[in-house]
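In what follows, structures are represented as structure tokens.
Here chain A shows up in two complexes: once beside chain B, once beside chain C.
Presenting the complex of A and B:
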């Protein structure tokens, strides 16, 4: 991660440091630091606490109060890293809050300061535990301060104003100038400041409307710089030609937006477009399974009343229905898949497969293997004895890719596309 | 001006005075002299005359109940003939979540661990009685040491199984088996109603109220007391100079902000918390800066945390917020899923031809980060396996979005314009 110096967070850091009484004095009971992800919350707190006695906990670890109590106590008592299995006896287990207070007051000297950081504090919805840590200084009579880091304001955690309220410090999202400063810190060697700065500005201008998350942008800027700088190796004069550089880097950044920003590392290599990506992720399925999956998709997204229209070989007589009624029908692609009974799935399957019918046992085992792959799920049955109902969980891109491999025109069979 | 003691000393002194570790109760002494006297009398009678009693101290959170009890105990300690004749047991409903650990802590605080040793008791009452008996001393075991029980967060103790602890405490107090005083601190006004009948009938029904209902002059004076310097700690000259400065310069300048704060939240803890920033930012010339306090108060009053968070989000997320509003207006407050939102977003892209057109998965990621900020939250459990179709509720209103859009500096002009026209669209009725 980033290191010194801190950009655009001086004011907040100063607030934080005053509240924590780093220079002198007793820290306040509790501080609540919040802001959007990637706005430097963790970084600010780490910066403030560097070199100080502190315990860092992530609230995702706190399955029950005992986990929090034990890990705080142990990190106070056991300073060295445990390597051997026998060392486990050095660890203390601490079950209740009264035990915790007792051991805590014994362990921590009265004139020593301690900071306990709770990262991802929005997970700490257990109000009793929250109250306990918010008032820890008062309860333990030690110079301890609890710092909570979270993305949501404190008012989201508690439903009432009649509650112990911590000191709040808010970190706003980075502005464009601040982001520029943050990104420049990760400058690659061997290039001039102006060159890198213009690159950073390009990246920010590209992403500013989508994200201001510093973590994401630092990563994107780092991974794409080599493409930006590549033409300069061939022709040093190009360094000053910003238009050419922009033309060169634009497709890469666009691609980064579609892939790296979404953390899709597979598709990183080469300029792959969206449809290719979808194909890549498809599990190789047996021939009939593909048809079963397509049938499941059709059953999920078409109302049962339209089955006749799509799957019965017939004359075009019924097509002349008034379109006024159809318009009121809900669009299933907007509302999500509907559950359907197994019989309907099989009926559609037999209608769309051209070859002669297969034995049913093989088919049902293939249905269950599709369920196993989470391509379709079994919907909650109203009655355990009734016919099982399923739901299709693949999306449209996926099913068109599957349909392409078996040359089945799926769009023509979907009600939403044939209104 | 206060040159003789260093800045660090002063900050140390005031941060301690304003922290929960503080020993100082001058504000309480000034504000609640009768209540304090009442409580001190109760303790004193218990210790000197072996008179048992029970009492509830009520007041909203942060009104100074704990400080009051601490002050009363300190006064009791100064009284002649009390020292060594009593022990204090402090329990807290947040810490002592069941009667078993409460009893363990009572044993520890009465310093009877050795006496109890490995003894096994049949019931809670038997154990408790044994503890009280152990406090008796003298030849005929008539004279007993008094014990003062302080129960913070009293309402939490009423949730314990069959209220055993409370029953035993009140029973001993009422039947005068041993000299104990039980003082409960609670913020709920209906706490007595939470007691079971048999517990309630043993409670002495004495109440003390801390209402925190000050007129503005008293409130301002309280702030002065909190900021004044004690002559014990600092030299007389230093303290006098400091206190004169507080009274003549700082308090008059703080007055407006103080009155404002009193109107919003009159509890003492809020006052103490708001003073923190100013005290901690003591200037190098040892002068307090009242403008810092004014800033804290203005932040306290005109500060909507949710609004602040959403005032700096990127343009795409802002557009999504407005789309959500449109959806909830169209569907009359029904929850929506991402596909519906995306359709609404595409309508925006078509109508404005904005440069803010992004593929579905990027829009989805923006939507997820809004969910992270809890501006929209999923309905119910994970019944729908696909995230795109999970229903969401929105957690904000139109006024909020227009305010956020106004405060947001990095919106492109066309987007800002679209937002303001959409929000003022009468036909949609947002």
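Presenting the complex of A and C:
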């Protein structure tokens, strides 16, 4: 993978190589590489450091400063695989930065270069290690260079001005042509370059507004190519017929649009059969919990003023509102769920359940279990004694599916459908 | 000498194990029952476990972490048996299977620690060295993993030891089971996944997520960066109501356990589980309490005799009688199911209905009777035959007389000319008709008169047989020792597990005489009286108020009812308000001065 040529990153790579003093001389103290995720930061740095003596650290793993110190020292000392389990006890552990400097200077010969890479470097800020590693060369008096990779600019990490400022290398987002070049590198065998290029252009034009993450686009292009190329196996002439190819691939790409960043194998199997998916996603709930959820949905999408209309037994005196008022009403589904107090939820619940239900403790505990399942959320985290407020989080399709299982006509009770 | 710490003086004492007395027998019987139910529950999920195993086996090596999400309908806490089974099944594919309970997942370092210990145990199963805590890092974890794979490869390479060993698995995998994903903090879960992803080249990892919510909720928890490295496949457990219904069947037909559930308890339990709580843990807990309550009410000697046959002749006889009735019930309900429509009649309902006295008037019997009348010859034949076959398949034939009479009926179905009209002999000559009116009435009668075929006679006989058999059945309540054998505390259980506290508190405050047993405060629930206790009076007054209650107004009305404006009454009133605050009816508020907020409305 490292041998592949870099597309659209030559300039930045040259910068990086100069800073690291690869051609001649001593590397700079520290380099800060940043850019959006999927813009090739890690790939660039790996490319620059190939064949060189380097230590790669991922900052998510560094829970405490001593983890960073120990792993740098140990990766200098220890060979690839341990011989016995007892060997692990021989690994050095340094607890403080002064210990680290002492052991580090002892281990690293003075004429040897070393590069230390910190991936996800913004995490170092919380550990107070950033200042230390930025000036490691100065402190240890060795030819060592720290490379930081992060998604945020360096200025976001520091608060004071008297900080040692590293050399920054910014990787801008790929342009469309560059993306195209990157994607073509992952070409499948057995097809002509033009055929694959037209496919890649199609994918990029469709997804450019959704994501520019190269890794993600490569994944999308890879997984959907077999569908794209499928008709060519039956009929080789179709390769030149772009319209037919587009007609064939369109539903697959649209489906992929919904699952960008998700590697859900279910979703991929589901394809165009949407209804089947919905059934799979619905949780089984006890009978009363289902009604509570329906009540929560109604409370969230109906204004409280309409409760009387839907849930009180109709009296003959009810007046019909004039059409002029009706027109002004907004679509409550477009406004999104609104919070409602617990009392209203329970009142609606008692109104929609057929048989009278005694207000029991188990019933109110079901509300919190719905919150646990993330079907409703507590809107305001206030004192639980005074009117807790909730919001319903499920969508219309979900609630109709739930309502179907208990044979409750949910549409008849929604203001948006009964103007 | 160290100075003794206070914490050291706190001891946890394990209760001594009961010696071989009656108690140990109850316990062992109960444990049998419990393990039976749990084992059944696990068995129900066999398919799921197999699917997960094959998914992991077939998953190609890729850039993503292979993740299986197990979606359970009920709460995850029930599923520990299933995870255990899954873990043991997965150890067939790989050596390293780690289970992370919610307690292990409260921080990243605790997760690493747990994994580290598991890995060290796997690396040297016999004498794991004690390792310093500072060594517990992800880096070292990967090192140990490499060591394990190297050892495994060496073991397979040495042909002397394992000549017949199977061809090696492509590579050692680590399978990490996180039992309840939703209880893990999202940041921790995300960091953990990202770390695993970083080490995926050297350490192939698979994840199992257990949860009781949709797979969407996992996506809601994680950011794009993390969700794009998890290749998730969801596996769903079988529907909960179905599983529970089968568990109930298991409970009803459980003959090893000397005590039985009465239909009332049974129906209540069923409703409770379906309406409120799917959890198996709760179900077991309720059963345990029901049993304990029952044991308290029954004479010790009888219980002991029940649990240990041979002690008391009378008890044994009663037990035998109950046993016979059970068999009779089971046989009859099987017959009814075979005859009735599969959708309308189910075994459990039928069995429970038969336990009651008036089964012949029940809906189930009427349904079955109706079905029999509509059935064609072939259909009736096939249903009866299938019943006979099923009975013969089972080990013992329980009721031979019933079986014989049914066989006889089937024979008649085969032999006779079924469509022959038996009513033919009644002459229908209209020769002696004298008037038009008479002719009309005769024709009408002829039309109304049913055509009675031999099939109808057979059907009548079958229904007659069923009726007589039901009548011959001794209902459990008519037998001796009914109160001892059947657990009948549905009311108490309701109070324990589904209490209506609000209505109780309301009742106590509105009609205190029920609790206080005094004559002076005997009032209707809406009446006010000076003699009522202060808290009761304050409560009744607050029911008339709106959302905000002015304390002064409240006090004024209190004093008016009391006809007392002394300082003592103010003190009593303030104390009552404080007590109401404690119970949760009102609470002080800062929104309005000198007001307090009312918290309850109707049933809410």
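The rule is simple: the second predicted complex is superposed on the first by the 283 of 419 C-alpha atoms of A that agree within 3 Å, B and C clash if a C-alpha of one lies under 4 Å from a C-alpha of the other, contacts with A are read in each partner's own complex, and residues count from 1 in each chain.
Just so it is clear, a contact is a pair of C-beta atoms (placed from the backbone, for glycine too) under 8 Å apart; a residue touches a chain by one contact, two chains touch by 3 or more.
Just so we're clear, the structure is a prediction, and the values are computed from it rather than from any experiment.
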Touched partner set for A:377, first chain B, second chain C, both or neither: first
Partner chain(s) touched by A:37 [first = chain B, second = chain C, both, neither]: both
Which superposed partner A:366 touches (first chain B, second chain C, both, neither): second
Partner chain(s) touched by A:63 [first = chain B, second = chain C, both, neither]: second
First (chain B), second (chain C), both or neither touched by A:74: second
Chain B versus chain C as contact partner of A:347, first or second or both or neither: second
First, second, both or neither for A:205, with chain B first and chain C second: neither
First (chain B), second (chain C), both or neither touched by A:286: second
Contacts of A:102 with chain B and chain C, given as first, second, both or neither: first
Residues of chain A that lie at the interface with chain B and also at the interface with chain C: 37, 261-262, 374
Residues of chain A touching chain B in the complex: 15, 18-19, 21, 23-26, 28-29, 34-37, 96-99, 101-102, 122, 128, 131-132, 135, 137-139, 141, 143, 151-156, 162-165, 167-168, 170, 172-173, 175-176, 208-213, 257-258, 261-262, 274, 333-337, 374, 377, 380, 391, 393, 395
Contact footprint of chain A on chain C as seen in their complex: 64, 71, 73-75, 108-109, 112, 120, 123-124, 128-129, 131-132, 134-135, 137-140, 143-144, 146-147, 150, 182, 191, 194-195, 198, 212-217, 219-220, 224-225, 227-234, 236, 239-241, 272-278, 497-503, 584, 587, 589, 597, 599, 601-604
Residue numbers on chain A that touch chain C, as the complex places them: 37, 58, 60-61, 63, 66-67, 70-71, 74, 78, 80-82, 84-86, 88-89, 91, 93, 95, 119, 215-216, 219, 261-266, 280-289, 342-343, 346-347, 350, 358-363, 366, 369, 372-375, 383, 385-387
Chain A-touching residues of chain B, taken from the complex the two chains share: 8, 11-12, 14-16, 19-21, 60-62, 66, 92, 94-98, 101-102, 104-105, 108, 187, 270, 273, 276-277, 280-281, 305-306, 308-309, 311-316, 337, 339-340, 343, 355-356, 358-359, 361-362, 365-366, 369, 372-374, 383-386, 388-389, 409-410, 412
